[in-house]
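The data blocks that follow each hold one structure.
You will see two complexes here that share chain A, one where it goes with chain B and one where it goes with chain C.
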Partner chain A sequence: MITLKQSLSYSTKFQSLIALFVLCLVLAVLSENFLTTANAWNVLRQVSVNICLSVGMTLVVLTAGIDLSVGSILALCGAITASLLKFGVELEVLNLFIGFGSSSAIIVGIMIGAGIGWFNGWTITKFKVPPFVATLAMLTIARGLTMLWTDGFPINGLGEEFAFIGTGWLLGIPMPVWITAVVVALAVVLTRKTKFGRHIYAIGGNERAARLSGVNIKRVKTSVYAIAGALAAVGGIIVTSRLDSAQPNAGISYELDAIAAVVIGGTSLSGGKGSIMGAVLGGIIIGVLNNGLVLLNVSPFWQQVVKGLVILIAVIIDKANSRD
Partner chain B sequence: MSKEVSVLEIREITKKFPGVVALNKVSFKIEAGKATVIIGENGAGKSTLMKILSGVHTDYSGGIYFNGEKVCFQNTTDAEKRGISIIHQELNLIQNLSIYENIFLGRELENAFGLMDVPKMKSETRKLLAGLKLDLDPAMPIYKLKVGQQQMIEIAKALSFNCKVIIMDEPTSAISDKEVKILFEVIEKLKAEGKAVIYISHKLDELFEIAENYVVLRDGEFIEDGKIKDIDEEQLINKMVGRQIDISGRTENYCSEEKLFEVSKLYLKNSMLPESFILKDIDFQLKKGEVLGIFGLMGAGRTELMETIFGLNSEHRQGKIFLNDIPLDLSSPEKARNAGLALVPENRKQDGLVLGMDIKRNTSLSVLDSISLRGFLSRNKEENLANSYIKKLKIKASSSAQKVEKLSGGNQQKVVLSKWLATNPKVLMLDEPTRGIDVNAKHEIYKLIKEFAAKGLGIIMVSSELPEILAVSDRVLVMAEGKITANFKITNQTSEDMILKAAIPKNKQHDYA
Partner chain C sequence: MRKKWVNIIGLMVLLGIFASSVSIERLDEVKSRAEGSSFDAAAYAGNFWENELLPNLDQAVEINQLFKGLENNPERTFEEYSNALGIGNIRFFMVKGSGTVAEVQDNHIIINTKSDSLSSKTYPVKIATEYIFGNAVRDASGKISLTEFKETMDFNMVSAEINKLVREGVIPQLNGRTKEGEIIKFAGAIEMNKRQVDLRAVEIIPVLVQYNSKTRRNE
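And now, the complex of A and B:
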């Protein structure tokens, strides 16, 4: 027998799933174009970049941190990957030219993302800079570096092979959805099944107790920011490939969408509580909402208002539930 | 006999915390124009009583009568308005604000335009400072002051309310001898003005210098009051000890002759005050199977000693620590754990547990490697580990998936113990292992401590409960002001008085050997 209390606690566990289900039901009734396969893939492809960033953001937020720099890292790594692919690297001193294929350019791009994230973690753990400030600084730094790298112009024409990442289909599923699915699956295993994941939750739950239990706080925190940076680079590569162009102003305010997805998914900004799947659902809810409002011809200005209200309602429900 | 005017009367005050009766029907009177000291061991209920008098705790039974009229303070501001102010043990100043801003915080003076009247606040502050012989600019921010000066500002703030009753809770623990002298002059002046001073201190020699009356509390009970001139230090100590804790006599001794652990010339610098030390010249040894008690009053440095051994504060530490004669690198708790040390901290909610996690995740937190299979955590292994300790330590819980925040204090403490036993430590340090837990759980913890000792662990137990020290430990180190002041082997002849005597800080050095 399931008691009322148990069923209530189940309903809070699955509240974002229920909300998504209700949302889809309403939109299906209101618009005949909503519930089609083409539209479903469309929504998933649109949210894949945000979910990529949200996965990294969830790890950071679980340690009671925040990462505001992911949008800028996305742009910088997209631009670097694109330029490596198109122009290669010329080392004049050595009279050497290094050309890059798609995979080597992508690997370098992701490593640079991880490196910038590691730097965030280093300033946060070594110099005790609050995560908000450290990553706010990096938001500006990485955006500026992107402008310097590109001279403010887009880098276009990156070739068929590279374009496959953002626009291709594999086994009837868009490539960005594949990539994000793999990222999500790895992150779920990481958080649920590894020592590292457990340490993330322990640090967010009670940092002092975690330290006294022998958890290496600095190492875990630094790694978390490095992962967030690497995933931002992955997002940057998807965006660049899809547009066949690295835009210097790509990814502006993406960090806020990622935080929104994390929060709607029930992860607490004070750390220690939440899940990867929560952020995934949060990202999909935002995507479905945007898509539905477009299909219903609602003004884009109203879309922003609605998104904000959804964030507020999600957090208010969460708080009310955790008070029992 | 002079005319005795009682300004404050406490009638049958009872205050309960979950699981503990902090004060039980305490009644006494405070006279105007006199200083009354309240004495008692740690946990006797002094601070709780002061918090009730100053409006911090509002849920208690019994009554406070101020000038014969019953008063119920809603908060500290209320108490200050009615005429009772308190100087807290902890510093409650806002570091970035200036002296005058702190003193007038929440009751800023305003001029006719509704703006703050800064010149007037500054001049009032200057007057207050002059009364305490402090030559400081009222606009100076607090963080630039030394700790002792900050304490004096707290005192200035308490005086500024112009109250009839002033409570001083350990006011001299952070200030220099010169400042103590000034404080005593101020107390004399307050008394001359007909004000009542309530004074709490562990430094008994101070009390004889300034106080007229005394009140002894023990275990939340009123024991006795009287005139200081009718009693001596020996008699006072006798009245403080003798707490009734139901411990059934001395237990077996598993202490071997084999040296296990040694701390040599350990110093801990005070990062706030240069050239001063929180721990000084700590030297001791621990044998296999020995239970070493550490006793000290508030501020003696007991917890700091445990934390320093366990790898916290390593940048301010000097000295060597050996396990089986091998020097240890204890620069972080991680290294201390790997070396075979374990620390059950004093404050289990703040330092011991991740409250939002369940029992099994808390238990496995320091031994995640041992429940891993090829890099992945094994749920089965984790559950088996947690269940084995739930059984071994008789933890009362619905399952290993129960969140620890839902457990009682005693069961929470057992989860912390489980976590550390799972690491198979060689030295187990317990900081106040029975604080805030019920009698039955206490007995179970004592039994467990003896079981661990029987298995050859070295155990260090910090406690502020003397009967507990006498019943459980084989030897006791007494600490006062960061130093070890005595080292007793515990026998049936060891008395509480001897230990407490060594724990009371002295201005002069005595030899207790």
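And now, the complex of A and C:
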């Protein structure tokens, strides 16, 4: 016999899943186009980029940090990948031209994302700059670099091979969904099954205690920001491929959607508590909410209000649960 | 020890994928190859201007006729006279007309179009003299199709080159030389949102301007 207390405990544990289920149920009743296979794939394709960012953001938030630069890193890495693919690199001094295929351009793009993330982590750990400030600065720097790199123009026409990443299907499933699934699976293993994952939770839970226990705080934090940067680059590559165009304005305010997904997914902004799957659910909830509001012809202005309210409610519920 | 080997093998695989997807060539050979096949947007725009745009300006809709159509039956008027690349609400018209210069502003010349029986009212039109951007001229002509181009960038470059022709060939005839009260004949392109028609805010990107010699003073 399950007691009321046990029921409440279960409902708290699965609150994101319950919220998603209720949301889907309501939207299925209100819109006949919601509960279709095509729309389900559409939602999953749309949320894939946000989930990639949210996974990185979760790791950062678990260490009690925040990364506001992921949207700008997404744009910069998308632009660099696109330009390598389209224009290659000209080394005038050596009279050499290096042409990049999709794989090599993507590897460079992701490494640059990881490098920028690493730089974020380095400034935070080395100079004790608050994560909010360090990544806010990087938000501006990376956006400026994107504008410089592209001259403010989009880079279009990247070829069918590259377009497959964002628009192709494999075994009946869209490629962005495959990529996101791999990212999520690796992150789940990282957080649940490795020493590194335990160190992330330990730092977020009590940094001093973690340090005294021998955890290399600087290395773990720097690595976490590097992973967040690399995942932002993955998101940038998916976006660029989907549009067949690297847009200098890509990713603006994506960091807020990623933070929202993390919070809705139950990860505590003070660190040490939360999960990757929570962020995935949070990302899907935001995606379903966006999709449903569009299907119901709700004004885009109201959509923003509703999204904001959902985030607020999620945080209030989380706080209430913490007190309990 | 096992972790170290996993890392080394992982790195080797990554390097292998990277190397197989990179090509190195002599820069001068690549450049000479590119020069032979690159798209010359300026030449395309020049040819379009001389052979497609100017010879067909007499087919442009008279501005007061357009106003009358938009007042009475906007849907049909858009269908009949406008061009656009896609199916959105932003449409382009190639227009012609004449009128009296009412005001010379920093960025525009305001023209009072000649009143005739065609339109119930006349509206002042603005001829742009400073900011010449967008795709109005390219798309209003209806003569250039996206499918002609291998790259969308080439298509965009054509628009940039057409705007350059306007800036360098047409605008100098207006800037600093136009005086209030002069009669001017014009042809050009306008952009209009199908769902938000505001006849008081029509801005023309000029492609041809001619002054009435009788009203031209101090030349």
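Simple rule for what comes next: the second predicted complex is superposed on the first by the 323 of 324 C-alpha atoms of A that agree within 3 Å, B and C clash if a C-alpha of one lies under 4 Å from a C-alpha of the other, contacts with A are read in each partner's own complex, and residues count from 1 in each chain.
One rule holds in what follows: a residue touches a chain if its C-beta (ideal position, glycine included) is under 8 Å from a C-beta of that chain, and two chains touch if they have at least 3 such contacts.
Predicted model only: the values in this text are computed from it and were never measured.
When both complexes are overlaid on chain A, the residue A:I316 reaches neither chain B nor chain C.
In the overlay built on the shared chain, the residue A:G99 is in contact with chain C alone; chain B does not reach it. Chain A contributes residues 189, 192-195, 198-199, 201-202, 205-206, 208-216, 272-273 to its touches with chain B in the complex.
Of all the residues in chain C, the ones that touch chain A in their complex are 14, 17-28, 30, 150-153. Residue ranges on chain A touching chain C, taken from their complex, read 90-92, 94-105, 107, 155-157, 245. By the touch criterion stated above, chain B contacts chain A in their complex at residues 310, 312, 332-334, 336-338, 343, 345, 350-357, 361, 364-366, 368-369, 372, 375-377, 419.
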